[in-house]
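Two complexes come next, and they have one chain in common, chain A, joined by chain B in the first and chain C in the second.
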Partner chain A sequence: MTTASWAWLVLLFPLLGSMVIAFGFRRLPDRTAGIIGSTAIGLAFIAGIGTLLGLLSEPSESRHVASSLWEYAGVGDLRVDLGIFVDPLAVFMVLVVTGVSFLIHVYSTAYMESDQGYSRFFSYLNFFVFSMLLLVLAGNFVLLIIGWAFVGFASYALISFWYRRTTATAAGMKAFVINVVGDIGLVLAAILIFRELGVLDYEAVFDAAPKVFSTDQWTVVAICLLLLVGAFAKSAQLPFHTWLADAMEGPTPVSSLIHAATMVTAGVYLVARTWPLFELAPAAANVAAIVGVVTLLVAGTIALVVTDLKRIIAYSTMSQIGYMFLAVGIGAYSAGMFHLMTHAFFKALLFMAAGSIIAVMANDQNIDRMRGLGKALPFTAAMLVIGSLALSGFPFTSGWFSKDEILDFALYRGGWYTILAIAGYVGAFMTALYAFRIVFRILPGRPCPEAEELIETGHVAHGEAVNPANGQPEDYEVGYPGKEHHIAEQSPGMRFGMLPLGVLALIAGFLQVPGVTEVVTKFLEPTFEGSSLAAIHPPVSKAWLGLLNGGVIAVVGIAFAWVFWVRRPAIPGSLRQKFHPLYELFVHKWYFDELIHAVIVRPVLAFGDFCNRVVEPFVVGGIVTGTTSLVRSAGALVRDLQSGMIRAYASLMVVGAIAVVLFLLLRGG
Partner chain B sequence: MLSILLWLPLVFGIVALLVPAARAWVPALAGTALTLVLAAVVAVGFDPGDPGRYAESVSWIPELGISYSLAIDGLSVFLVLLTALAWVPAVAFAASRNAGDGRERLFYFMLLLGETATLGAFLASDLILFVLFFDLMIVPFYFLFGLWGRTRDGATAGGATTKMIIYTLVGSLLMLVAAVAVGFSAEEVSGKPISYSIPELIARGIGESDQYWLFWLFALAFFIKMPLFPFNGWMPDAYRVAPLPALAVFSAVLSKVGAYGFLRVVLPVMPDAAELFQTAILIFAVVSIIYGSAIAFTKIDLRMIIGFSSVAQLGFITLGIFALDETGANGALFQMINHGLVVVPAILIVGLIAERTGSEDLGPMGGLAKNAPIFAVIFLIVTMATLAIPGSPNFIGEFLILNGTFQVSVAIAIVASVGVALAAYYALRMYQRTMQNPLPPGSDSREISLRDALIIVPMVLVLVILAFAPQIVLGETGDAVSAVVEKVGQLG
Partner chain C sequence: MSIEWYLVLAALLFAIGAGGILVRRNPVVILLCLELMLSAGALAILSFSRMLGDGDGQVFVLIVLVVAACEVVVGLGLVVAMFRRRIPLDVDETTELRG
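Then we have the complex of A and B:
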């Protein structure tokens, strides 16, 4: 089989899985949906391996394939095929997406077991994976936008999966609308690309761009900035980030898959995918890097103060994606993609562990209530610690190799990039701090009632569930974890989902040991062939020095966390007192929601209101009244003429119609 | 062939007048179904390379150069098909909810007369014939809205139809004058005997100074029919009172005749004027997009949301036409079809929702998806197509329109795209407030019946098929639309 056929299969399996589950939702016997869903993704992963082997069998200079099924839309010079483009970067993403998705599907078969919406869940989840793969494999900008929007739709459907909760539906709406704004950015970018270059296929665009654009010409900068609007919206970077924390309303496997491991990293992939454009627009690339750094700092500060377990991890995701944008913004493409991969491992793992904990806590996500879970959930606790170590960049874990490779690259490029690197190190310190804030607050200590019950009886019985956000009772019939919610780690499905990720979070870094392995860099080389920035390699000694920096910061950060939340638990409280305005700023998420409401939502509503109250009755309605009175006054003057005119006109129509009929009858049709 | 297609609905409408009231729906449904089959046969046999294939022409009033001539080409083929397709579910929906008021015969007669008139407007290749059908179109709807309309939110059937008829009459009279004048002007320019054949008028052309004022008479009539802001004064009340099946075809097809008129008549016959007033019309269009979207954004009445979102959509279509660009105009024609395909199910679904909740207001609703997953999925697909999610055919239409507009004015394209974002909100809110959130007491979440599914799903399926291959339509219409636009371009 050819490489392209394998790649089409990668797309086919999840789509098929989604459709089979959707159409068979009442006929499928109990829990088959989970098996079908997981199998479909497993098969997609195998097809991904087939694609990989197909590519590797080619010499490195011809490791890219374009393939098309049929002409999708063509008008004049504009021609869009239903086509894919396969190269090392795409395959890399395919493997990360399908691999992590498979584990999360398996985890979900257990996590969602008692949920009435079980089949619906897997149908959505498979559709999401299909959309994500379409985004990754698309061969032109239009198909990219379609995949891009479909993941947004799937994200909406899954955030508001428990659609009986008003908080969940509101969160879904917010995510969807912000993502549509991003889509519009991409659409305008594609239109501008077409106007300037006359093509929309990746290969043709990347070929033509250097011939048409000079460096930092305004058009190419505009294209890249529009692409970044899409990328920032999808990847929850400032100022388009506010939807991500609310998206935590979705079931935890969704947070793990979509809002940590895969979809939210699409923006990073987009920048790496379109590197030939970004290298022609260094100004836009710098914007990507700067926004990434600002986001990683802002998100880090919020993660330090919020108390909702899933939201802390969500802000951490924003922050980590900030590192990835820094990477692809400064040209450290393979480091950025590598961090994307390790982040997918440890962040998916952290969410799975969080899901396990939340299930025990009857969906209460407040870490203030969690205590002594280490003893109650030893397996989950181990996974949480592994994930947090990797997140903090503890030496020899995967996050250490990947994050510090990015910062090292920034340092090596020197100049003002040094500032970005230093900010990155500050962020790394905060990361270690908030990661172990979770660990030290919820694992050790005197067990909370749920943990105690679990330790004593091996089971937790929950009462009637209520939505902690607004106190409304949950509706089990439309899908919500049932009362007999089982304990995460006692289920083999959940363990099977978590364990491989735990191992990968620990050891995946060894793929990229400076001067020794560097597997990812070498594999991605053909994609970035011809890039002047990708050709920059910091010397091995510098790379190790960077790793040393990062390692020290991680260890110090963890030590501080230990002091704050184990040794001297009074310190955080007094810090909060001392820096009260800052604390308020952080805990209100820097007031972004309020800002967006005031700047965008309120003016639109006010405008709509104005149209309704003033324009409709007086302007639009004025035309009616004006016309009516005109006709009337004319009628008053020459009443006969007016009615005569209408009568004549009406009879003309009737006579005409009759004449036509008669004519036809006479002529025999 | 085209004559049979054109008069078939009316013939069945007359049959409906002759059978018992309770059975009047049978000939009506059979008539629309047969018309659909015939339209499909014509569409399949249509070859963009041989547009004259089905043309027929008979001299009618030779002294005035008026002929009864019909033709089908790339501009009209899918609009004819859309018309035939849209009428079937409308009649079926009405039949499934027979009023039992004893006036069914008249109802179906009017509905089918409306189909013949609409088909006539799309098929006419004589300008006067076009104008006649254009005017005839509104008559059955006047009766449908007036006799079967209900008083809602302070709008009475009588008041609403009076408003509608005054507006339409003004537009129609102006257009009739303009049409007659076009013939004289072309006679003068060419020195040949008067003719109202549209191809002949295009070939002859009319004087530049005549174009400038005639253009606005046509434009006004079309803007009223669509409607575009600020000529939408008749729309809210008409939408409030209208019986849903009639409203479905009215909104899906009749609004497109105005846009079609620009492509069929105005652009090719008055290219200089089209070029001169391009910017003015583009601004009209973009204001309609923003205005319609902003109002839909604030409304909670489902009919009003759909109505004002149509104003915005017709704004997009006008934008595409007056981009005077190949991609824009093709996108506009494609969008006319897509919008029709979306609106019919959307309006019928409003009926289904009202049956379940007793209301057409979003305020007291929610949770209908609970026992009705299939209903919810159907509505979800319609919603996503309404907001033109990439992957839907509507997206390709919008993409082409924005692409065309972008070539003319970057600023207008960017302002127009704000409408896209607003649509995402008001369309998704429609779905969310009806299907999701808690189910209030008194609302009945029941699954869509097999009968209703058979009425609604076919159009949704067409949307899904077009989502996979928009080229099915674009490939057939491309040449004809491009020819229209090139005609304008040649002069510039």
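Then we have the complex of A and C:
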């Protein structure tokens, strides 16, 4: 089979799975939707490996395949094929997406077992994977936009999955609206590309761009900035980040798959994919890097103070994606993609562990209430620690190799990039701090009542079903996880999903040991052929020095966390007292929601109110009621003639006839 | 005999019919008056046809008579239906079509 056929199969399986579950769920026996869904993604992963092998059998200079099924749209000069473009970057993303998705699907079969919307969940989840793969494999900007919009919808559907929770539906809408803002940016970028270059296929665009644009010409900068709007919105970067924390209203496997491992990294993929444009627009690339750094700092500070377990991890996701944007902004493409991969592993793992913990706490996500879960949940605790180690970049874990490679590259480029690198190290310190804030606050200590119940009776606690956000009672039938909660310790499926990710989070870094393996860089090389920035490689000695820096910072951060939350638990409280305004700023998420509310929502609402009170009654109402009253008064004039009296009609006819005859006679005379 | 007499007679009949419709309120009488007007018209056609020495007019008159007969059937049917429903047989009372 050719590489292209394998790639089409990658797309086919999840779509098929989604359709079969969506249309056949009434006939499917109990809980087969999970098996179908997981199998579909597993097959897609196998097809992904087939694509990889097909690509590797080619010599490195011809490792890209474009394949088209048919012409999708042909209007005037516009030619858009239903085509895919397979190169190492796409295959890399395919493998990450399908691999992590498969494990999360298996995890979900257990985690969502007692949910009433089980089949619906897997149909959505498969549809999401299909959309994500379409986004990744698209061969032109139109298909990219289609995939981009599809994942936005899938994200919306899954955030609002428990649709009886008003908080969940509101969060879904928020995510969708912000994502659509990004979609508009992407569409405008595509229009601009077509106007300037006349083509939309990747290969043609990247061939034509250097011939048409000069470096930092305003058009190419505008194109790249518009692409960045799309990328920032999808990847929850400032100022489009507010939806991601609210997206945690969705089921935890969704947070794990969509809002940590795959979809939110699409923006990073987009920048890496369109690197020929960004290298022609260094100004825009710098914007990407700066926004990434600002986001990683802001998100890190918020993650230090919020107390909702899933939101801490969500802010950490934003922060890590900030590192990826820094990477692709400064030209460290392979380092960025490598961090994307390791992040997918350890962040998916962290969310899965969080799912297990939340289940024990009867869906309470407040870490203030969690204590002593280490004894109650040994497996989950181990996975949480592994994930946190990798997240904080502890030496020899995957996060250590990937994050520090990015910062190392920034340092090596020198100039003002050094500032970005230093900010990145500050962020790394905060990362270690908040990662182990979770660990040290919830794992050790005297077990909380729910943990005690689990240890003593082996039962998972059942909380009363009340939405903690607004106190509304939950609806078990469709609007809530269901009465039974599932934890990794008691569900083999969940353990099966977590264990491989735990192992990968620990060892995946060895793919990319500076000067030794560097598998990812070598594999991605054909994609970034001809890039002046990707050709820069910091010398091995400097790379190891960077790793040493990162390792020290991670260990120090973890040590600080230990002092703060184990050794001297009074310190965080007194710090909070001392820096009260700062704490308020962080805990209110830097007032971004309020800012957006004041700058955008309020004026729009005011305009709507103005339309409602002035335009509607006077302008619209004036035109409409004016027309009706004209007709009405005209009707009133002739209504009196319709007396219903036959004799009146007859006399009118006679008079009329006489008038006509007289007129004809007189005129004739 | 000159044609004027015929035409005068036709005009007279027509005027009587039209006047009857305008002044009488009983639907049966109104139908009678309608017939009178139709006949006046038929008489005029016949006169002209005779004057021109052309037979076509007679054909038209026959058709008019047939139509008039049909119309009477419908009209009288309406009158009977009104009577059955105890609707007063007075056209000034039946003004439900007022706008």
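One rule holds for everything that comes next: the second predicted complex is superposed on the first by the 613 of 669 C-alpha atoms of A that agree within 3 Å, B and C clash if a C-alpha of one lies under 4 Å from a C-alpha of the other, contacts with A are read in each partner's own complex, and residues count from 1 in each chain.
Going forward, a contact is a pair of C-beta atoms (placed from the backbone, for glycine too) under 8 Å apart; a residue touches a chain by one contact, two chains touch by 3 or more.
All figures in this text were calculated on a predicted structure; none of them were measured in a lab.
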| item | value |
| --- | --- |
| Which of chain B and chain C A:A570 touches, first, second, both or neither | neither |
| Which superposed partner A:V516 touches (first chain B, second chain C, both, neither) | neither |
| Partner chain in contact with A:R195 - chain B first, chain C second, else both or neither | first |
| Contacts of A:V187 with chain B and chain C, given as first, second, both or neither | first |
| Chain A residues touched - chain C or chain B, whichever exceeds | B |
| Overlap of chain C and chain B interfaces on chain A (superposed complexes) | 646 |
| Contact set on chain C toward chain A in their complex | 18, 21-22, 25, 30, 91-92, 94-99 |
| Interface residues, chain A side, partner chain B - complex | 22, 25, 70-76, 78, 82, 120, 142, 145-146, 148-150, 153, 156, 160, 163-164, 166, 169, 172-173, 176-177, 180-181, 183-184, 187-188, 190-192, 194-195, 472, 475, 477-478, 604-605, 607-609, 611-612, 615-616, 619-621, 623-624, 627-628, 631, 646, 649, 653, 656-657, 659-661, 663-664, 667, 669 |
| Contact set on chain A toward chain C in their complex | 638-647, 650-651, 654 |
| Chain A-touching residues of chain B, taken from the complex the two chains share | 3-4, 7, 10, 58, 60, 68, 132, 135-136, 139, 163, 166-167, 169-170, 172-173, 176, 229-234, 236, 291, 294-295, 297-299, 326-327, 330-331, 367, 369-370, 373, 377, 384, 387, 389-391, 395-396, 399-400, 402-403, 406-407, 413-414, 417, 420-422, 424-425, 428-429, 432, 435-438, 468-471, 474-475, 478, 482 |
